[in-house]
Each structure stands twice: as C-alpha cells, then as structure tokens.
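As written, the chains take the letters A, B, C and D, and residue 1 is the first residue of each chain.
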Amino acid sequence: MSGLAFQREQLVRFGHCDPAGIVFYPRYFEMLNELIEDWFACALGLPFDVLIGQRQVGMPTAQLDTRFLRVSRHGDHLQQSISIERLGGGSLKLNIAFVGDDGPRVEFTQVLVCTSLATHKPQAFPDDLRAALERSLAAQEQETDKP
Amino acid sequence: MSGLAFQREQLVRFGHCDPAGIVFYPRYFEMLNELIEDWFACALGLPFDVLIGQRQVGMPTAQLDTRFLRVSRHGDHLQQSISIERLGGGSLKLNIAFVGDDGPRVEFTQVLVCTSLATHKPQAFPDDLRAALERSLAAQEQETDKP
Amino acid sequence: MSGLAFQREQLVRFGHCDPAGIVFYPRYFEMLNELIEDWFACALGLPFDVLIGQRQVGMPTAQLDTRFLRVSRHGDHLQQSISIERLGGGSLKLNIAFVGDDGPRVEFTQVLVCTSLATHKPQAFPDDLRAALERSLAAQEQETDKP
Amino acid sequence: MSGLAFQREQLVRFGHCDPAGIVFYPRYFEMLNELIEDWFACALGLPFDVLIGQRQVGMPTAQLDTRFLRVSRHGDHLQQSISIERLGGGSLKLNIAFVGDDGPRVEFTQVLVCTSLATHKPQAFPDDLRAALERSLAAQEQETDKP
C-alpha cells in the first residue's frame, strides 16, 4: 500500500451542504485547498501566507481530476490524505482522498505548478520548498516499504 | 467544429478572486454549477428548483476533469459554453469551456448522473428531461453540420 | 416614499441554499457585495476592478446591520434596491432591501468607508467618485419628490 | 468584565481573502456560522446535524449587527468568543467578537430564533436545548463574578 505525505480530518459542516442535504461539490474544492494549505504550513513548514503573500511564489493548480464516489452528509467526518505521485522540478502530482466510514467519498488527482506571482509564469521550486517536498516524499516512500 | 448546447457570459467578480489577484479555483466550480443550472432552466425548460426541489430528481456530478490553462482576473468576461459529448440513459458527459479574450481559461469534462434524492441511487432520466436533452443534442449536431 | 439609487434582480440559486432548503445567510452577504459592485460598475461608472484593482481605492464596510424578515427559497427572485441615506466626505450610509413576492426578505443598513489600499486608512472620496455619488443622490431625491 | 459562553481560535485562510489581501467580509459570516455550530456541538452537546437535520429544529438569525473594526490578513489567528446577552423562551441574543493581536477585528450582535423547519415559524426552545443554554449562561455569569 502506498504511503502518505499528509493526513487530517475534516468535519462536514452545515454550510457545506445543499438543499439535497449533501455536500455541494464546490465546497469539496474549498476543503481541498485548506488541506493543501495545512500540508504546506504544518508538514512542509512553508505557510501560504509566507510563500504566496510575502515571497510571491504561486502554487496554482494546472489539472484537477475528481471522482465523486459517495455522498457526504452534514456531521460526517472525512479522513483526508495526500500522497505524492510525482515530484518534478517545478510541478507536483498528488493523489488525494476524502474517506468516510463507508469508503472513499471523493478522490482527486491534482497537478500543482510553481509560478512567480509577478508574471504568473512557471518557475522551478525555491530551494527550501524543493528540500521540504523531497523530505516529504522520502518519508512517504519509507512508510510504503513497511511490511 | 463542434456545435454547442448552451452559452452564456460570466463576469469575474471581486468575490471570486484571491490575494494573488486571480480567480480562486473553487469559485470556478461555483460558476460551473450556475452554468449548468442556467442551461437546465433557460434551455431545457427544467429549472433545478422544480427538478431537484419538487420532483426529487438529483443530477450529481460523478466525474469532473479540469484543466486550468490561463489565469482570470477581476473584471474579466468569460464566455462559457456547454457541448454534449455523450447522452446515456441516465448519465451525461459534457465538455465545458470558460474562454477569455486570450483563449480558454478553464476546460472541464463533466459526467452528471441522474439519481433519486430519496435514495441517492442512479436512475434513468425522467421522460421530459430525456426529451429535452435529446432536442438539445440534435440542435448541437445540426450546428456542427453547418459548413 | 424614498427614491432609489439602484435596483436589480437576483435569482436564488441552488448553491445559495442550505439543508433546510432556504438561503444560507452568509450567501446573502455575497449577494450584497455583488449588488454594490453592480451599482458602482453600471450606475456610478466606476467598476471595482478599476477603483480597487488599478487605483487602489478601497471601499470596505465599517458597519452592517441586518434584519432577516422572511426566508428565501431556491428559485425565488429577489428585487434588490439601494437607497443612499447619508453621503459624507469619505463615507456612505445605505439602506438596502431584498424583497420577495411576499414582502421584504432581508434589510441591511450598511456604512461603507473610502480607504487607501496602501495603508487601509480612511480617506476622502476621489473627485470622480464623489461626483458620481452626488449625481446618484440627486437622482434619488428627485424620484422621492415625485407625487 | 463579562464572562464568556464559548471560545475558539480561527485561522484566516487564503480562501477567506480578497484581491485587497484582507478578509472578504462575507467570509466572516461563514466563520460566524462555524463558531455557533461548534458552540452547539462542543459546549451545548446539541450538534446542528442532529438538531436541524434529524429533529427539524431551526436556529435562523433574525438580526445581525456587525462592526468591522480592523482588517484581518491571510495567516492571522482570530480569537473568537461568544457571550450570551439575553436568553428568552425561544430566542437568544449574543455578543460575539473576533479579536486579533492588535485588538477586536469584528464584533457582532446576533439574535437567533428557534423555529420549526416544517413551518419556518418561531417556537419555544426544546427542553434539552433550553437546559443546555441555561447551564451555559450560568457558567458565564459565574465567570463574570470572579474577582
């Protein structure tokens, strides 16, 4: 089984849900952005307010493929996980899952690209971000090797 | 060139944009849902408040693949279009584009599935919805055949 | 009866509504911001992307008193109106109503303050904005005087 | 000094902020709803998914007066607090503050009303909710009496 780069739990709130009583799907993408934000801040040590706000390094999404597998309801707890599939020189491919107690609710494959916010053009990862991502990938692979 | 089932224009508003000055990507999915909602209400003649609210027919998204090609800024006008790629007995595959004056900004491939809101299980399209979708597809194909 | 500075109509969309089937109140504030944005762009001739984005003139809200009088449901049409109660040198007090076919749904009293986005400190309205607001107020008062 | 019924901390996230780099004010109302939701779930022992979803007891906002005192930026931590000002038979008046390290950012006075979701009409609080609110008020007053 594949190791994970980051995990957290997300409560499905009243404001996430629609008149059909289930999560309104644009809210899943707000949750996804919060997950990535927490990974950068808590695990990689590079909070977005520093990276994006102060250093003007962007991390926009280039591609995002989403499979909605089961509905989520108000009050559910979702186990969210990030697994790095590919780490390039200035881009990152992630497999992300939101899992409820009956199995996966949503699965994402997300490609993030490093850009300069001055130009919105792609650039290589800054050295400290690259080092943090390599450490995260190494930890994930070590976890994968466990029997 | 492929014909279109529906078109409309969307203004990029202040509230759609993030501190980097560009559209925050979860907002694109809110725009997408409004586009589908307008297609059903204005072109198919089956507004969601009737279909979902009164008749308890759901149209959740099963798969959504998104390519973010160019950034959009506050004040931009996006030309939005829907093209039906495949019409099944209880599902629908759409190609959707949001285009700015410099080319496509975002492209979506979206699979919608008809469900019962009582059970959240898939079901065949109700007859009037199926007929409306077939008319929309026929109009789109006629447009495609134009020289 | 008091005259109006601006009016428009707002459709209550699926994404505005909560599991109780009615508008989730934070969405009313998104609608309110869009109303103010349209007033500035369409009636005052000073779109926010120019005013805020290019000229770095902020128009933050200092005070906002809201009365929720009746529920709104998916598919409802709300008549939105703005009436200027007081025009100061760098601030603006507005009375705003969202009205459904059974009467007012929400009423807001909103104080907006002109700021510099470089410092987030209050400043006087720029001359062209002041002139546009004075024209809007004069038109509103003329409407009020009508028999 | 007045005692508090509930407190928590809120991180200002990227998605809360606008192109001016500060919290977009409709996002404060989303935060407010999450705060109330956490108070009910964590302190009153009556989560909204049970109260609203299963028992069809609504807690809509009737009046909400808001003072925006200082700007909040991405990455800020807000100390949020709820103080009960008045507990009626089927309504509740709260004073709520979001405080940053430079002082209060936003202050709300919110009146919540208990309703039946079948009719959206006001009703008395259910007994267990009334008892929980009375305990919360008593704890708050005890805190106030401390020297």
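By our rule, contacts are C-beta pairs under 8 Å (C-beta built on N, C-alpha and C of every residue); 3 or more make two chains touch, one makes a residue touch a chain.
Bear in mind the structure is a predicted one, so any value in this text is a computation, not a measurement.
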- Query: What's the rotation, in steps of 5°, that superposes chain A's Cα atoms on chain B?
  - Reply: 180
- Message: Per the definition at the top, count C-beta pairs in contact and tell me whether A-D or B-D has more.
- Response: A-D
- Message: Over half shared numbers or under half: where do the identical copies chain C and chain D land at their interface, same or different?
- Response: same
- Note on the structure: Between chain C and chain D, the Cα-mean centres are separated in Å by 25
- Rounded to the nearest whole Å, what is the centre-to-centre distance of chain A and chain D, using the mean of the C-alpha atoms as each centre? 29
- Task: Starting from the mean Cα coordinates of chain B and chain D, work out the distance between those two points in Å.
- Result: 36
- Query: So which bits of chain C are touching at least two other chains?
  - Reply: 14-15, 19, 21, 24, 26, 30, 33, 52-53, 74
- Item | Interfacial residue positions of chain C with respect to chain A in the complex | 14-15, 17-19, 21, 24, 26, 74
- Note on the structure: Interface with chain B, chain A side, in the complex: residues 19-20, 22, 24-27, 29-30, 32-33, 52-53, 58, 60-68, 71, 117, 120
- Spell out the residues on chain D that touch chain A in their complex, using ranges where they run on. 13-15, 21, 30, 33-34, 37, 47-50, 52-53, 73-75
